[in-house]
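Here come two complexes built around subunit A, the first alongside subunit B, the second alongside subunit C.
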Partner chain A sequence: MIPFEYVRPDSISGAVSLLLEDPEGTSLIAGGTDILSEVKDGLKRPRRLVALDGLAELRSLDVGNGSTRLGAGLTLAELSTNPRLERGYPILTQAARSVATPQVRNVATLGGNLCQRPRCWYYRDRLFPCYKKGGSVCYGATGHNRYLAILGGGPSFMVHPSDMAPALIAVDARLEAFGPNGFRTMPLEDFFDHGQSRPLQEHVLGSGELVTAIFLPSPPPDTRSVYLKARERADHDFALASVAASITLAGGVVAKANVILGGVAPTPYRARLAEAAIVGRPVDKLDLQEAARLAVSEARPLEFNRYKVSLTANLVGQALQSLLTQLKGGTSHADRL
Partner chain B sequence: MSTAPTQPFTSDVTLTVNGRKRTLTAAHHWTLLHLLREALDLTGTKSGCDRGECGSCTVLLDALPVYSCQVLALQAGGKEVVTIEGVASGPGLHPIQEAFINEDAAQCGFCTPGFIMSAYALLRREPSPTEADVRAALSGNLCRCNAYGRIIQGVLAAAKAMREGAS
Partner chain C sequence: MKEALTAVGRSLPRAGLAAKVTGEARYTADVKLPGMLHARLLRSPHPHAEIISVDTAAALALPGVHAVLTPFDPEAAGRLAPDMTILSKRARFVGDEVAAVAADDDSLAEHALQLLRVQYRPLPFETDPQEALRPEAARIHPGGNLCGGAPMLLERGSVERGFAEADLVLEETYKVPCHSAAALEPRAALARWDGDGLTLWKTSRGVHQDRSTLAHALGLPIDSVRVVAPPLGAGFGNKDESRGAAIAALLSRKAQRPVRLDYSRHEEFVAGRVRHSAVIRLAMGVKNDGAITAIDNSTLMNTGAYLASGPGVLRRAAQGSLYLYRCPNVRYQGLLVYTNAPVAGSYRGLGAPQGHFALEVHVDRVAEALGIDPLEFRLMNHVGPEGQEGRRRSPRHEIVDTQPVEGGIPFSSNGLRECLERGAEAIQWRGRPASNPLRPPALRRGTGVAACIYRGGPGRESTARVAIHRSGRVTLATGVIEVGQGAHTVLTQMTADALGCRYEDVDVVSGDTATAPEAPITAGSTATFSSGLATVKAAAKLRGSLLDVASTLFELPRDRIYFNRGLVFSKDRPTELAALSDVAAQMPRGSLEAEATVTPGSPDYIVNSFAAHFAEVEVNLNTGGVRVLRYVAAHDSGKIINPATAVNQVEGGVSQALGLALTEELVTDPGSGVTLNGSFLEHKSPGIAAYPHLQTIFVETEDPLGPFGAKALGEPPTVPVAAAVVNALYDAIGIRFAQLPVTPDKVLDALAEASPRPRRDP
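And then the complex of A and B:
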């Protein structure tokens, strides 16, 4: 690994000042499970790493009745094992447990999971000056694209690697960021952007900004959610495709549905057509096969990833079926907080 | 991209390794794995992939198994580290080590220290694990020789021996 300076600020304001001193040459390090691999692989050459792991401000976990706050510095292991979180938002513990391995989850943070860089092998290989490294070509578009995007691709066909992102969006999470102009919040869905303007990141943070927390609204009564993930091995692996789905009923009718896909697009992908096919329908008259088909009806697979289209549709069908089964019995997540 | 400084930055770091407090000067870019193997000569912890993918570098950091190749030495400052050299308390072997020998749970043995550290963390937390618990706890360790069946048997045998030893 090339040498760098490791600095530990004692507040988030201190971290922001350090970021602003040398924005080009500075990277944040939380758990380090992604950034250190990037430095080792020569994808990044920071002069300075600014550590977030000492900051108490990022470490709180408040599960309440009105709203829940998850500090960006909580580890995925802490999220996986919190009983109150599991009662209120089982989809989040399901997603957290599906990430990587026990050793990674003991170190990796929520903020780092949302800000991690693509896992595409062209990106991870220093020798390919790809779009996501500031180049002009996505080698995956015509190359070995088995794991790449079937939806929303171009100019880069990367897939967003985070399992937490789709699950959090499915429960209407908001993200809090802190920077030179103080705090701001936004729907987590709006945080992700593989926009043309900033190819070197997959989010909208500006210079000197960092993620401080995630806010979760209380789930409405009669809400159920589930996270399903398809991968090659039962552990260790990123999603080939994943589905985070939640449904809210009111008087036997689907009042609200979130169907968010992971692992298939450059950002978490909202399957709007599938949602529209469910919302407003009586729960006993849902056509799940049709919703599953619609979830991928806009897919444009590449040469080697056509399998992902049916894989994703099947996963959507399974997720919705599981929600209906849950809704037929038992209490809602809100009642169990 | 910026150019790297030529003189590595260094700082003093104090951490507890296998029960002993150690203070040493570490370069900022050293991983905990590098510090253990190169500065403290604790070479039982192995370097396989150096990218968080194989588990051969597993150590306990404040009682939790982590990949020491993915933690900076300075991040471990003030914390407690246990390596394979620290699992046996007396002159003999730890029951998990005994069980790995008895069950023939290694072929080349390169993955063994990492597996034992994951198993050690599990059995401290859960003295009566099911086979599913063992599989989940070891899921972050790879064995290229495919000794998995015997490794799992070894951990279950160790758990039994430790329960019987304790009663």
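And then the complex of A and C:
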């Protein structure tokens, strides 16, 4: 490993100043589960790591009546074991518990989870100068693409690896960032960006900016949400596909629906056609199969990932069924995978 | 009172376990010497390339860098194997060792690697074994890509005749991928020179074999090389190569300092040893009544860039087809092929898991076509204690030390039928429920069976030395390496009962060519049987000498005295005469020692282990996910010397092979030759959450040839697993998978092709 400097600022302003000193050569480190493996695998050679683990500003968890604030430095273990969070937003607990292993969750943070780099095998091997490393080729497009994108792919066919992102978007989370111009917030959905202008990141943060918190509005009454994740290995695995869904009922009619897909597109993917198929309809007249079909109707699978189309549709159908069962007051088996 | 077994058959704790659990055990990479340097290896980024030059000036100019070794150093041409030198001017896979650096610390060595300027001339390359056999394919070694220049052909009777007699012939092709043993401890070596003498600490499965390999490669007399094997963080058969150790030795000689080399996790996956991938075409002919008339097996195996133990693996892949079922006409054609892929070597079960996967899935296919229950078909056809029909061809006096092809030789013991019966009972095979739709409705369950025959036990010549000291403590010196399987524990138990001492009083000396007697490598499930026989023989000899001492001491005839659990008894008195240590204290010299060498096995019998495995699985039709719910493993490994460690072997083997069945594959990119997923995360070895409820049954045949009746156990638990799971999948969803691992994508693709139809549903 090439030596690097390790700095622990005592405030987020300090962190921002350090980032601005040498934007190219500086990386943030929180739990370190992603950045350290990138360094060890020779993908990144930061001259300086700026550690965020000492910053109390990033560590607060306030579950309020109006809204909830989750500090970006909270660990996934903290998110998966907080009873108040679980009462208010069980989908987040489900998503957090589905990540990796207890050991990883003990150190991995919320902010880090949202800023993860691709898990694509070609990205993770330094021998491939792929698009996401600043090259011009997506090797996965024609190579081993079993795990890659069926939706929204190109020029990179990576899939966004975060479990937290789809779940948070499904409960209308906003993201707070802090940078040289102070704080700004945005819908979390807008945070992710697969645009061609910045292939070296999957989000919209500018130079010197960092994620500080997530805000959650309180869910309207008669809202239910669920996170389902399919993977190859029972633990310690990223999603082959995941679905975060929430439904709000008003007077027996679906007033609002969020259907967000993970593991199938370069950013968390909103299945708009599936949402449109259920919003405004009486809850007892929903065609879940049709909604599931529509969720993937725009899929363009690659050579080895056609299975993801039916897998994702099945998960969407199962998630919606689970929500309806919950809204009818029953317990659901359907979130068992 | 009579002589009784006091150690053998008991679940005594595995030796060294506490040290491993508490972190006290010192593995190879934990051994530190004063002034020790750290080595790193430069690995080829090309799958196939000629190395034109290596410019080492910049690396050597870096302060703290003490030595660089390249293929242009004459001593690097030393030969480790017929097809492998210490370093080569030809790189044969992505990850092949090109050069090495020794520096004050790891980071410095890593930095120095980046300063090496290597000029490569890339060559055409092959990653697919079938393609590598084309006449125009890139030649990876001078002799061509077909190892040995010809297929391995093994034949009994005439398959043509057998197919002509058959009422039904079914043929199918099965594929098993390459995967890694993923041992927790990566390979490591540490070299130190004292004048012309070399000491090497290394991850090893046989210090004597490693010593002769290294002495030969380094051009040293064998007596000037000492090899020491610290505790091993699992071997699974594949820590059998010495390239890293040879490189460490040459760097150390250049630098005049001790040099340690240890592999990273990624190196362990890519540049360690993997299981041979296999493509197996199997044809079976049967009569309508279920009798098997012919089995024809053509196997193509990928040995990667070097041969390693390829021929042995290829031979093992034949084992099931040749011998598991009674059949007069069998043929095996095996092709072993070089490619520019990671090196395949020995990995628990050698080729048997691949061969049994094809055979045991095919047997289910044939049974179904005949309308016979899979278990009943096996009970009708499995090989019995009498062996295969036919005339023996090998000389009558010759020890049967490989799995024979010919008929006419009985087994020393064969508990296969009992394995099938008792396993079936435990999983409730007969009268198991039809796979009813479950709640939620997307789940389906099914049960499958697979059997196994495994040649283990008799290995090569083995020696043991047993000594008793005046203090009463006993030393067992054995060449067999403790690879984590409990070999030293069972040998200690055997020593105790063969000598009559207490188990607690036995110390084992092993893993060091300076002190341990010659032994074959710890491989092929031979340690308990072969080293056990040598141990028992040496201990019995020592007992004889001690009886002489006791006879004089107590003025009793020799045959009226016996030793049991560290006490001396007269056959004429109910209470003991003395402690064994009292006798030891009267020995004329400081200690008494006996040595025995055995050539295990027999000219009259085949020594094989057997097993029958049963799996119950649940398939999720929505996700393609497969869970193994319940598993029964019934084994005939003869007398079980230590039930607890034996159960560990079965549980570990089954768990490991579940990875082969359902999740693991090491993937080499055909476009670039780069191995893409060399990590615990992406190779997908199963975690604890995937482990089923597992019941182990031992059918304890007392083998007349084995020490205390024991036979082999180390590898058989991995052999039938994939087939049992795949057969259970068929039972659940009516889809017969012919390619491993059965990952969700394969399940979903297959479900999309054929609408699911649970086979036993009304």
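The rule is short, and it goes like this: the second predicted complex is superposed on the first by the 329 of 337 C-alpha atoms of A that agree within 3 Å, B and C clash if a C-alpha of one lies under 4 Å from a C-alpha of the other, contacts with A are read in each partner's own complex, and residues count from 1 in each chain.
Note that contacts are C-beta pairs under 8 Å (C-beta built on N, C-alpha and C of every residue); 3 or more make two chains touch, one makes a residue touch a chain.
Model, not experiment: these values are computed from the prediction.
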TODO: Would you sort A:S310 into first (subunit B), second (subunit C), both or neither based on which partner it touches?
DONE: second
TODO: Could you say whether A:P102 touches subunit B, subunit C, both of them, or neither, answering first, second, both or neither?
DONE: first
Open item on the list: Quick check for you: in the superposed arrangement, does A:F215 touch first (subunit B), second (subunit C), both or neither?
Closed with: neither
TODO: Kindly classify A:R45 by the partners it touches after superposition: subunit B alone (first), subunit C alone (second), both, or neither?
DONE: first
Task: Which superposed partner A:P3 touches (first subunit B, second subunit C, both, neither) - done: both
Open item on the list: Applying the document's definition of touch, where does A:H236 land relative to subunit B and subunit C: first, second, both, or neither?
Closed with: both
- [ ] Considering only the touch criterion stated at the top, classify A:G143 as touching first (subunit B), second (subunit C), both, or neither.
- [x] second
- [ ] Pick out the shared contact residues on subunit A: the ones touching subunit B in one complex and subunit C in the other.
- [x] 1-3, 41, 101, 234-236
Open item on the list: Quick check on the complex: what are the subunit A residues that touch subunit B?
Closed with: 1-6, 8, 24-25, 29, 31-33, 36-37, 39-41, 44-47, 49, 51, 53, 77, 100-104, 106-107, 234-236
Open item on the list: So in the complex, the part of subunit C that touches subunit A is made up of which residues?
Closed with: 45, 94, 106-107, 110-111, 266, 439-440, 442, 620-625, 627, 663, 667, 669, 671-672, 674, 676-677, 679-682, 684, 686-690, 743-745, 748-749, 751-752
Open item on the list: Can you tell me which positions in subunit B touch subunit A when the two form their complex?
Closed with: 1-5, 7-9, 11, 27-29, 31, 50-53, 55, 58, 61, 64-67, 70-72, 74-75, 118, 136-137, 139-140
Open item on the list: Which stretch or stretches of subunit A touch subunit C in the complex?
Closed with: 1-3, 41, 101, 121-122, 124-125, 127-128, 139, 142-144, 146, 230-237, 240, 304-308, 310-311, 314-315, 317-318, 333-334, 336-337
